[in-house]
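Would you mind keeping the following structure in view while I ask a few things?
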Amino acid sequence: MREKATTLYLGPQHPGITGNMMIKLKVEGDTVVKAQTHVGYLHRGFEKLMERRNWLQSFTIVCRICVPEPDPNELNYSRAVEEIEGREVPERAEWIRTLMMELSRLASYLLWFGGQNGSAGLYTMPQWSVGDRDYILDLFEELTGGRVYHMYIWPGGVRRDLPNGFTDRVLQTMDYLEKRLKQYDQLMFENTIFQRRAQGIGWIDPAKAVEWGVVGPPLRAAGFKSDVRIDDPYLIYDQLDFEVPTQQGSDVWARALVRRTEFQQSINMVRQIIDKMPGGPVYNKIPNPMKWTIPAGDAYVKAESARGEFGYYVVSDGSNKPRRVHVKGPAYVHGVTLLENILEGANISDVSFIMNSLGTCPPEIER
Amino acid sequence: MDTNSWISILGFIATVVLAFTVGVSYGGIVRKITARIQNRVGPPVYQNFFDIFKLYSKSTAVNHGWMQHLGPAFAITASVTSLMFIPVLNGQGEFWFANLNFKGDLIFLLYMMVFGSLGMALGAGQTGNPNSAIGVSRGLSQMVGYEIPWVLALVALMLQTKSTSITGIMDYQIAHGTWMMFESPLAFIAALMAMLGMFHYAPFDVTFAPAELSSGPASEFGGKYLAMMMTSGSIFAFVKLALFVDIFMGGASNLIMLVVKTFLLYMVPVLYGIVSPRYRTEQSIRYFWGWPTLIGVLGVLYVVFVR
Amino acid sequence: MPNDKNSQKIVDIIKNAARKHSLFVLAYGTGCGAIEIPPTMTSRYDAERFGIRGMATPRQADVLLVTGYLATKTLKRVIRAYEQMQDPKYVIGFGSCTINGGMYWDSYNTIKLLDKYIPVDVYINGCMPRPEAVITGFIELQKLIAEGKADGATKYKENLDWYRANQKKVIKNWNMPDYNW
Amino acid sequence: MTENSLDKEQQIVNHLVGTFQNLTGKVKRNRRIEVSIEKKQITSVLNYVKDHLGFIHFSHMSCVDWLEDGYFELVYILWSPEQKIQLLVKALVDRENASVENADMIWRQLNTYQREIREMFGVNFIGMKGDKEFILEDWDNMPPMRRDFNTVDYIQEVYFERPGREDAQNVRETISKRTGEEIPEVATKYSRD
Amino acid sequence: MAFFDIKGLVTPFTALKQFGKAPHTVTFPYHKKETAQRYRGLHFNDLEVCIGCGNCSTICMNEAIDMVNLEQIEGKAGDSGLRPRVDNGRCCWCALCVEVCPTGSLNLTKDYIYVTPDADSFLWTPGVSNPEGKDNISFHSDVDTSLSMFDRVPMPELDGKERVKSFAETMLYYTEEAAREEASRCISCSLCTEVCPDHMHIPEYINAIAKGEDDDAIRIIYDNNPLGEMCGKVCTRRCEDVCALQVRGDAVAIRWLKEYAVGRAETAEMLKEIVNPDIQEPNGKKVGIVGAGPSGLTTAYYLALKGFDVTIYEANEYAGGMVMYGIPKYRLPMDSLNKQIDYMKSIGVKIKFNTKVGKDITFDEIYKEHDAVFVGIGFQKPYSIGIKGEDAQGAFPAVNLLFDVNSGKTPDMGNKVVVIGGGNVAIDGARVSRRLGAEVVIMYRRRVQDMPADWEEIEGAEHEGVEIMPQTIPVEIITDDNNKVKAIKYLKAEMVADDKGGRPRPVPIEGSETIMEVSSVIGAIGQEADYSFLPEEYRNSIEINRGRMVVNEQMQTANPKIFAGGDAVNRTADAISAIADGYRAVKAIEKFLMN
């Protein structure tokens, strides 16, 4: 039976949409026949803004590019600038940066736990996990002075050293999260209904995944051992002991499991970092920021964010302002071409669910 | 009019007030309990009263045609009418707040309860909002799902008690000194599983699923409409609970008993909802047509062949 | 709605008390401030204590949170959502961006002064405002409602032409239904 | 990471230089290769590296506006998951009526990047499908990411600024007014920005 | 998919256990969570510490910070009198303003709540809007974390032992790289320009150096100072005392950067090519200048550029005045000065050397011959020390010693020299004597930190082996029978706090008399002007008050045709003030003659 197709606008104002974007769905009955992503609701023209800001000023705005996970932006920007300029970063700063990255991954996964279950109607989970995420934000606040926007990793190192007793509080929080993770397991991962919702949904063809530009947990859930932390090591990841989990299912459930495993991995990594962190300075001071110029050159740096490869292409023309900073967030591919593709044939109930499993984050698509 | 009529009318008004109060308070208590399970403080228990009063005080300037006005009106009429068939209390063969009842009212009630939803469906359909339309179709599909075990359970009851009126079933229980949930456990289980669907808590909240359909049929209803829908929902919750208590749990001889029984019963869908994600629509229907229907059929067979 | 608490009728006082304690927030994350809404609404800060809860559609909501900058493309949707909301309705502006452009003051695609396009009842300072600040903003809004001073919607109706002119200056292709309630 | 392991990278560069005319390349650092090609070679080079050299993952595509020199620089950033090498393919396009051949049949996600670049820089990709509007809506000005698009002028024209800050003083002016110092023409371009 | 998975159905219900647990909700506003120690909340500015440099305003990419006048703040030297005001409708709390604040007065506090219905009330003047904020400071910068570069690029100099061997320049001056680095420290606040008597365009030329545009730097310097290189070597650089960076670190080496810039032009021709001044057509007016000191040269240079016919009358063989003869060559080599003067000559300044006014030519003649006269005679006559035996052989003023040495003579100092005084001239005298091979002791009445001389000079002297005897008051020069200096008698002094709140006074300690054998005593306690060249009538027509010519703001004396400047007018005894006087006189003379 062929039903008449209706058009359903999912967003921009819609509880099921992640962030502020819109998906135009052509629906027959409960089945999506065509999906089209519309972005641009959060476009601020970051790259244009940076043309008018000098190298240091730009560092404070890059974190706004991805709100749920600002730290990979700061890290990438700083690393790109350091690579072009050839600036050395003190070892301790690299360790603190890694700590930031892993904490931010944890925070991002907690938000994701909430989002994934919120879109599935299990409202207890967001209440728990987003509430618990706040403890990580507390750590960020203590370390950086800001809850959400840290503006902490800057070219040359990090802004401030760890405060007294900070490592103890990090370890306490890790213990707490590990305890909570068991409860999450019981509520979510062992929940039959959740499993039935997630299995077989949002399938990405593993044969095409790499070519389609899938990155991060979705790619690992398709069976590829792909992680920037291993493929193109940065910071001190080569000194940490961790594994890249993979799954074969390539569906929402497989992605959930990958994230679940990585969550535990990150907790372990944070412990290792705290354990091994060397002393020393945290910051290789930059010159007077108003007169700081970077030699001409370009660099493409990337980091593994919680949602996948986050790339920055930075070009300097030798002046005190960046020529071009072009951001590639994982959602750029996930949120547009990939999402449009795998939504075809999906049930409307699963649209938001699938979108969450890909980690779509509109601000990094349009910037 | 004679005195009896006056008493009936007064009793009826008292019933509505009671149903409203209990229904809305339950809503508040549920929010509080949910909050505690979610590790937070939660709103005050009287929060839902504020919500409803506030919604009544809002302007409603949206106009999508007269059907939209009728939708909530249908819903509230249906809920109040349904309420009129529910004997609220029983005692020594007398029924307080018995309101209307007659032979076969259980079957009539079945229709009445559907009638409300249909009214809503018409109203929501009129708004032209695709979310509403999809929500309505989902709601009706799901209703078809849970009505089957529900009707099966009621058939079992009716066969067993040889009565098609609620008071008849209550009489049966009083006369036999037992509750139907023990007399006819399979029917009770089937009805209970169907009841999960009736309350639209997760995993069966497909109709209003916010992440999918904004809020489904209610998408275009704000202000007074929403207040009416909330009111009718609260009364309906009471209707369903009281009906369940009446026919399965021997009714209640006083208000405290009523509150205790209905509250305990209410906790079943609520707590299940707190720990469950939502089913997809077809999963939900498949669920109702699976175990609950099977048990319902068994319940009927049990009554027919064993009793 | 009378502006002075003393001249409020008893009905208004009751109405406003109910309105104050029941604020339905439109779930629309317009900008990056939306990231602090989940913590505010969930277990750690739990705004539901004040009767604040999210609502899925504009029809049902009382409060529009403009969480930060508005791209012109979003502004159009925000206006639409705002106009769909039922009276009385309130707007809370989050953070620097709604006040004077914030860090996007020189962006070609974001509006700078929110109150030129829709009336704003309360502004919250910050970038982003923490959950505590957000809650303070709600408390301030509750206070205004109780005093009958949160009358942004009335202002909007009275000065519709002025608002429309400003809106149309930014939104070039104006194809929206009239606002007639 | 060992420093002497740039052989792999150098091999690829040499291979590419040998395969294509007018192609120059260099190893930027380990795991980073950069090649410059001509505009008309874009699809053939991209196809070649994808099919023969294992650069199957398309990471990023960027465009840099070299206003002073009069061209756009298109940068295709590819990744080889096997060899773990990032390849930057750069091609220059004239700023005037910039147009390039469409490459979204090689990687379909390239479509998104090209749409963005078309919208933000006004580079025309010949034969590309997809809506004209991607991020912006009803934009009737110069493509905004071009460097000659002046944001400040634009915002002054379109948006409002909150009054109340007119009493702001410039430190340099305050001091020079106090001392009667006259700042010569030649110095003004070195004033604090 | 198991059709009936009892475990999966039951396990989620374990979540219900949470019902029994106390909620972890922060019940704000009833219970407030303390913000972190470095939380970035609202700004606080310590108004007393702030110097209004405006660096916060510059770094702010949101243009959120305005510098505004406040009622309670008055501008003064080293303080622009402006204070930052933050537009909280722009701020993003990145705290870069805190990181670049050179004084550390601007901080962020733990307060962050500010909620209001009024959109126009978000202008926040830190320190005024929240006077209590001082106790609440959270995010702040200290010297280590601040982005201001507090450490000066070290200046290479000759080793002290090397230096005393010759009159070679002691400072080796910045290389290009060092100069760029040093210049990039400058935050361009321009507080320095106010205290510079000449109001040179300091931030601009430093910025030009930082950007690698040395030629532009020279042009900017030559805008109002034709002796840039001289200033770069010997200026008293009051600018560096008010540098925003010196509050918590080292001031920018403004003087040496200027030296670096002008020093790039190695010859007068190069200088002319770079400065490439716009010389106006001769206008037929003649101006005579008495004295080729800094003020006279400055007047001459700028007047010549404006098309005047300028003639300088100089008593000595070389131009430069005190700069030429009063400053030792290891500080200011003759080549350097001559280069600058040659350049002036090349644009049309005429200098008549060896022409002492009053002897070789009368003032009257000059007065009559020119349309205006500028008198820049400076201080040549040293004050006497005022103790017994100062007319002895071997006791002489430092200026005379410097004059002799700079004129190429090698006076016989003996082997032990005492220099009396604590100013730059005293140090110069001491260091010159050291180079002539003597043991040198400086006697100064107060403490070392009270010495008016540059600390660099004092340090330099110490490196060269000059002994400084602070709190020492000479009372008598003991002579031998030939009236030749034999020894000096002095008293030790203790510092007594001044009752009136002034600086502590040295009071001699009774019975501390000591006698030290010396071969020469050099007095360096100041000089005064010599007006003997002026005929009585002129001396009456211009007003001379306590040895100082009185001028109005345009450097014009009571005789409208006579202008004056330099030490004899301002008594500061530094070159830059003289240059400033000259520059001001130029404008006045132009106005006087052209209208």
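Should a chain be cited, it is by its letter among A, B, C, D and E, assigned in written order, with residues numbered from 1 in that chain.
We take it that a contact is a pair of C-beta atoms (placed from the backbone, for glycine too) under 8 Å apart; a residue touches a chain by one contact, two chains touch by 3 or more.
Quick caveat, the model's predicted, so the values are computed rather than measured.
Shared contact partners of chain A and chain E are B, C, D.
Listed here as common contacts of chain C and chain D: A, E.
Taking the mean of each chain's C-alpha atoms as its centre, the chain lying closest to the overall protein C-alpha centroid is A.
Chain centre most remote from that of chain B: E (centre = mean of CA atoms). Ranking all chains by how far their C-alpha centres lie from the centre of chain C, first place goes to E. Centre to centre, using the average C-alpha position, chain C and chain E are separated by 56 Å.
Centres computed as Cα averages put chain A at a distance of 29 Å from chain C. Taking each chain's centre as the average of its CA atoms, chain D and chain E sit 47 Å apart. Chain B and chain E have centres, each the mean of its CA atoms, that are 88 Å apart. In chain A, the residues that reach two or more other chains under the touch definition are 14-15, 40, 43, 45, 48, 52, 60-61, 124, 127-128, 131, 149, 187, 191, 193, 196, 290.
Counting partners per residue, chain E has 12, 15, 18, 23-25, 27, 58, 61, 87, 89, 92-93, 119, 188, 207, 211 as the residues that reach two or more other chains. Shown for chain C are the residues that touch two or more other chains, namely 27, 42-46, 49, 56-58, 73, 99-101, 103, 105-109, 113, 127, 130.
Two chains count as a pair here when they touch; such pairs are A-B, A-C, A-D, A-E, B-C, B-E, C-D, C-E, D-E. Contact residues on chain D toward chain E in their complex (touch as defined above): 162-165, 167-172, 174-176, 178-181, 183-184, 186-188, 190-193. Looking at the complex, you find that chain C touches chain E at residues 43-46, 49, 93, 96, 99-103, 105, 113-115, 120-127, 129-133, 135-137, 139-140, 144, 149. Contacts from chain A toward chain C in the complex involve residues 12-15, 19-20, 40-45, 48-49, 52, 60-61, 64, 67-68, 111, 114, 126-128, 130-131, 133-134, 137, 147-149, 363. Residues 53-54, 56-58, 60-61, 124, 131, 138, 141-142, 144-146, 149, 151, 159-160, 163, 183, 186-188, 190-193, 195-196, 199, 283, 285-292 of chain A are the ones that touch chain E when the two sit in their complex.
For chain A in complex with chain B, the touching residues are 6-9, 14-16, 27, 30, 117-124, 127-128, 131, 187, 191, 193-194, 196-197, 347-353.
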